[in-house]
Amino acid sequence: MDTATLQTFTSPVVLFFILGLFAAFVRSDLAIPEALAKGMSLYLMAAIGLKGGVAVAESGVDSTIGSVLLLGVAASFLLPLTAFAILKTLGRLDRTNAGAVAAHYGSVSVVTYVTAVEILELSGMPPAGYMVAVLAAMETPAILSGLLLARGIGGRTSNEQSDMMREVFLNASVVLLLGSFAIGMVAGPSGFAEVSPFFAAGFKGVLCLFLLDMGLIAARRIMSARTLTWRLGLIALALPLVNGMIGVFAGSAIGLEVGSAAAFGVLCASASYIAVPAAMRLALPEADPGIYLTMSLSITFPFNILVNIGLITATAVALAGPIGISP
Amino acid sequence: MDTATLQTFTSPVVLFFILGLFAAFVRSDLAIPEALAKGMSLYLMAAIGLKGGVAVAESGVDSTIGSVLLLGVAASFLLPLTAFAILKTLGRLDRTNAGAVAAHYGSVSVVTYVTAVEILELSGMPPAGYMVAVLAAMETPAILSGLLLARGIGGRTSNEQSDMMREVFLNASVVLLLGSFAIGMVAGPSGFAEVSPFFAAGFKGVLCLFLLDMGLIAARRIMSARTLTWRLGLIALALPLVNGMIGVFAGSAIGLEVGSAAAFGVLCASASYIAVPAAMRLALPEADPGIYLTMSLSITFPFNILVNIGLITATAVALAGPIGISP
Amino acid sequence: MDTATLQTFTSPVVLFFILGLFAAFVRSDLAIPEALAKGMSLYLMAAIGLKGGVAVAESGVDSTIGSVLLLGVAASFLLPLTAFAILKTLGRLDRTNAGAVAAHYGSVSVVTYVTAVEILELSGMPPAGYMVAVLAAMETPAILSGLLLARGIGGRTSNEQSDMMREVFLNASVVLLLGSFAIGMVAGPSGFAEVSPFFAAGFKGVLCLFLLDMGLIAARRIMSARTLTWRLGLIALALPLVNGMIGVFAGSAIGLEVGSAAAFGVLCASASYIAVPAAMRLALPEADPGIYLTMSLSITFPFNILVNIGLITATAVALAGPIGISP
Amino acid sequence: MTETVVRKRIEILADTPLARRVTDVIDQVGISGWTVLPVQSGSGRDGQWREERVTGADKSLILSIASEEKAAALVDALAPILTSHGLLLTMWNVEVIRGERF
Amino acid sequence: MTETVVRKRIEILADTPLARRVTDVIDQVGISGWTVLPVQSGSGRDGQWREERVTGADKSLILSIASEEKAAALVDALAPILTSHGLLLTMWNVEVIRGERF
Amino acid sequence: MTETVVRKRIEILADTPLARRVTDVIDQVGISGWTVLPVQSGSGRDGQWREERVTGADKSLILSIASEEKAAALVDALAPILTSHGLLLTMWNVEVIRGERF
């Protein structure tokens, strides 16, 4: 844990996120143009996909890949259930809003994952390349699960239904992540070498600027949040803690090595703020983005980056026992 | 041919283009912000210009440069003539639209050229640096030629005339390509060294994302095309085939080495979708962009990237004889 | 001087600026999307801040840093006084406009500084890392000074007052420069190594494209300037000359080594066109941006880049005496 | 004097992810077209927002020109989802040339 | 037939750095909201301009829907700074649904 | 009560490469200015389009405030190229402050 925590707070990546939070809190007019922020998020997804695909091409497929994919899909589909129960009872949300929020916590945040990978690599525990496929696989089951919770089966016209399904299975993140993953597998290490100055060497720098922007957005959003209660604020801290622990235990249980188990914990702990909000806007327009975006983006995301990645890593290391600690 | 074809389909550059086509065909909402796409196209032009200029500064001017420049200008001016005839008769277009389309096929596509260079370099046959000057020289004669075909001499007010001439000779691509080429020549290899991490190392990665976007745009355009007939679709395949062969034979005939001859073939085969559409919108507003953009961007461009570059390279290799084949 | 002048005109960075000027003067439609230009300016500030912070972390704090910071603040606050006097008498501006223009000349231009650093480094005279802190410190005193000159103390509601103070002390450039500087100091050389392919290797290339855009903007602005007199044009050349000399003498006097003395001269010579115009628009909306932006951006900025950096460097070298010249 | 006719101009502010739902309705009531403009920021009962393309929290302004009847049909079609989808609709008379298109 | 009521639509073109001053006034006169659109270029007595985000020389279009009285209050509140701040204000009647919001 | 006068507001949707042709005409008929807004996507008889800045297939919205006579002159001047250039023009009355400018 020490290593990971230290890495967290001297890593430029995390420091830029803190700078963004700070700038927004003091009401500076610093802002990243949205076209650029969008472009950076596409770049990060393409790069992480490629890298994962190349790693799989290089190392071949680990025997655990099947079980971890299955585990990921199950987690994405099931984690919203407990979240939904908590949000309705303790959080006092109506069914629609509880379902919408729950979907966010079942799904994953690409940037949280990427930041965790940076920190794990610095600590000498890189996760396996196929974890990118797990990341992609976990994006969407939670959306279905959240929708079922929010309004049961049935309803909608078939036109809306097909819109929704397209949004769920062919949303930009899923297509780009899996597409780049496939490209990485086909091109392999030699093909990737050509583009690695752009996609590998530039990666952390882009991540810095992107996290600067996320810091700005997260802080501005919470400062103008009107519909967030303290109950929901606490839940937005508790869910990543609990889900992260579930994830890291389950990951260790099925035999993932320490880096991958930590990464899986982070995936469970993370909450989506790109793919799921867009899907919810379409599928549950009555749900309030002021609730689900503020919880996932302004509370859970910073908590994961600044605290929870460190906790999860420490837990994974502890679970792996003394042999698991490698420099 | 084998090598080039293989390189084509394992190159991340081409694979990202295919991903873009795929994403659009399945109606994913993946999209690159237009400000970024525009920026990437400017970057690519500046980089290719610089690289060409530095190569010329390094190697000095080949004795063939004069003749290939002349050949390029002639091709750009004359290729629209046959295209026009075919478009009016077989394609059943009126004079205005036939002239507008013909201009596109005489002119060149920077990105097709750049992709060809990547593939040629991977196959060990890099074209000469001065081919960038040929590329720039071929952009505009076709515009004049297409306009003459579309409405003869005369017409327009002198104000419109001067607007048009500015658009033709000082359009962004020409200025940026030739300007960067000149900068490359002045700065030379040592000056270029300072900026090469940005302009050289990052090049292929940017090309990947740009081709992802071009794939999206090309596929979306053809899916919503309303005015394109199957006759025009076939012509959009035939013209690059024929023009490419003309180019590679002519290039070999004047003594270009195999990489440059292939590159010249690709220039002849390629159809503009940046400089010429803008000029046509101004000069022939009555012509239908639904025809000329769909043909050049949605049919000819993918055909060139996926098939024709390979064919042209194979032909250039064959023409060069057994001695020309180097790994 | 020879070296620096030569470096100036074979550096791609400067050549791209000239290309921008040229393209605008011949009325080419070349344009960089504004979202991208804004993004590049943020990137440049983050990179220069980081680099400075890392340099300070590496070398420790020079004994002169306190005095040069003080000198910088004083220069920023005092240089507007002479400028104001000249602008009111010789320039025939009213009090409001004279104060607004004067603020620009007391403050600094990040990109002029960055370009000077490039040229100084190529000439083997890199300025000290802490000069970035001086740059940040000099941004805002001039704004206060210019406002005092324009309308004395008093006036405004407290609401407007606080708006203004936020704009002055927490404007985007100051926060980003100082924030990145702090991150560079915390992360140190090892933390910076992770992100250096993005922030260090890519720097000069981005600067090329940014200066291309600045060339376009500077030239277009002067071509459509309606309120600029030849008197003001001359003052926009004289002020950087005089302020630059004051700066380089003062810098040498307090014992800065030759590169830092030159850099300090450039800071004094440079005129803001990012932070100050925004502050003036808010604080002095009656002042005419057609005057202050045209003077600082279209006359002083190109003059500094193309001529004055060379002059100031030569002066710094001369002042340092024969011993000061190191390769 | 070029002749003009009077048509309705309808402008609808919607969250970008919901814009397609609005344009689908415009197509369904038989209006000949629509145009979408970008929006940068705003403020309403739910507080302020700024364009946040990354999270999809940005808005678009959809404008459409239509005859009085088709405009009324559009308003009727949108009325039920106006509140649930947070749409803002304004409508007024404009003069257009070549009015037979609309 | 969905019922509509008549409100004022006010649009104000302002330099982006000054936009917040305008929206503050809108908030102060008690109007329920506003929306900001980006602007690309323009031409007036001071010559042409193009969006220049780097130097802050870009403009924004602020639109607001309000009742007749609140619109008049807004116009009165903005009138004194209209010239000094270079604002351009236009206003007209529009039909809106759920007019009680404005 | 601030005094307002009535002027025409004209808005023209044009392909971006053709926008300068429109603004040239505005200048020629003696109108004091114009403002250009970006446009993102649209749909008409020729099908849907999305902003495609790379190929120049994007549109702009040009707005201009003018007196009734100058507006009529503008409409007359644009009428001949309206169809060939694919322009969409709408026009309506607005109240403006400091109306002598227009």
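First chain written, first letter: the chains are A, B, C, D, E and F, and each begins at residue 1.
Everything that follows uses one rule, which is that a residue touches a chain if its C-beta (ideal position, glycine included) is under 8 Å from a C-beta of that chain, and two chains touch if they have at least 3 such contacts.
If you want to know which protein each chain is, UniProt gives these names: A, B, C = Sodium-dependent bicarbonate transport family permease; D, E, F = Nitrogen regulatory protein P-II.
This is a predicted model, so every value here is computed, not measured.
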{"item": "If a chain touches chain A and chain F alike, it appears here", "value": "B, D"}
{"item": "Greatest separation from chain C - chain, by CA centre", "value": "D"}
{"item": "Distance between the centres, which are taken as Cα means, of chain C and chain A, whole angstrom", "value": "40"}
{"item": "Computed distance of Cα centres, chain E from chain D, in Å", "value": "19"}
{"item": "For chain A, residues that touch 2 or more chains besides their own", "value": "31, 33-36, 38, 197, 201-202"}
{"item": "Overlap residues in chain D, where contacts from two or more other chains coincide", "value": "37-38, 53, 92"}
{"item": "Touching pairs - complete list by chain label", "value": "A-B, A-C, A-D, B-C, B-F, C-E, D-E, D-F, E-F"}
{"item": "Chain F-touching residues of chain D, taken from the complex the two chains share", "value": "1-2, 4, 7, 9, 23, 27, 32-38, 60, 65, 92-98, 101"}
{"item": "Complex contact set, residues of chain A against chain D", "value": "31, 34-35, 37-38, 41, 159, 163, 213-214, 217, 220, 224-227, 273-274, 277-278, 281-282, 285-286, 288-290, 293, 297"}
{"item": "Complex interface listing, chain E residues touching chain C", "value": "15, 17-18, 20-21, 24, 46-58, 81, 84-86"}
{"item": "Chain E to chain F touching residues, read off their complex", "value": "13, 37-45, 59, 61, 72, 75-76, 79, 82-83, 88-92"}
{"item": "Residues of chain C defined as touching chain A within the complex", "value": "33-36, 38-39, 42-43, 46, 50, 166-167, 170-172, 175-176, 179-180, 182-183, 186-188, 191-192, 194-195, 197-199, 201-202"}
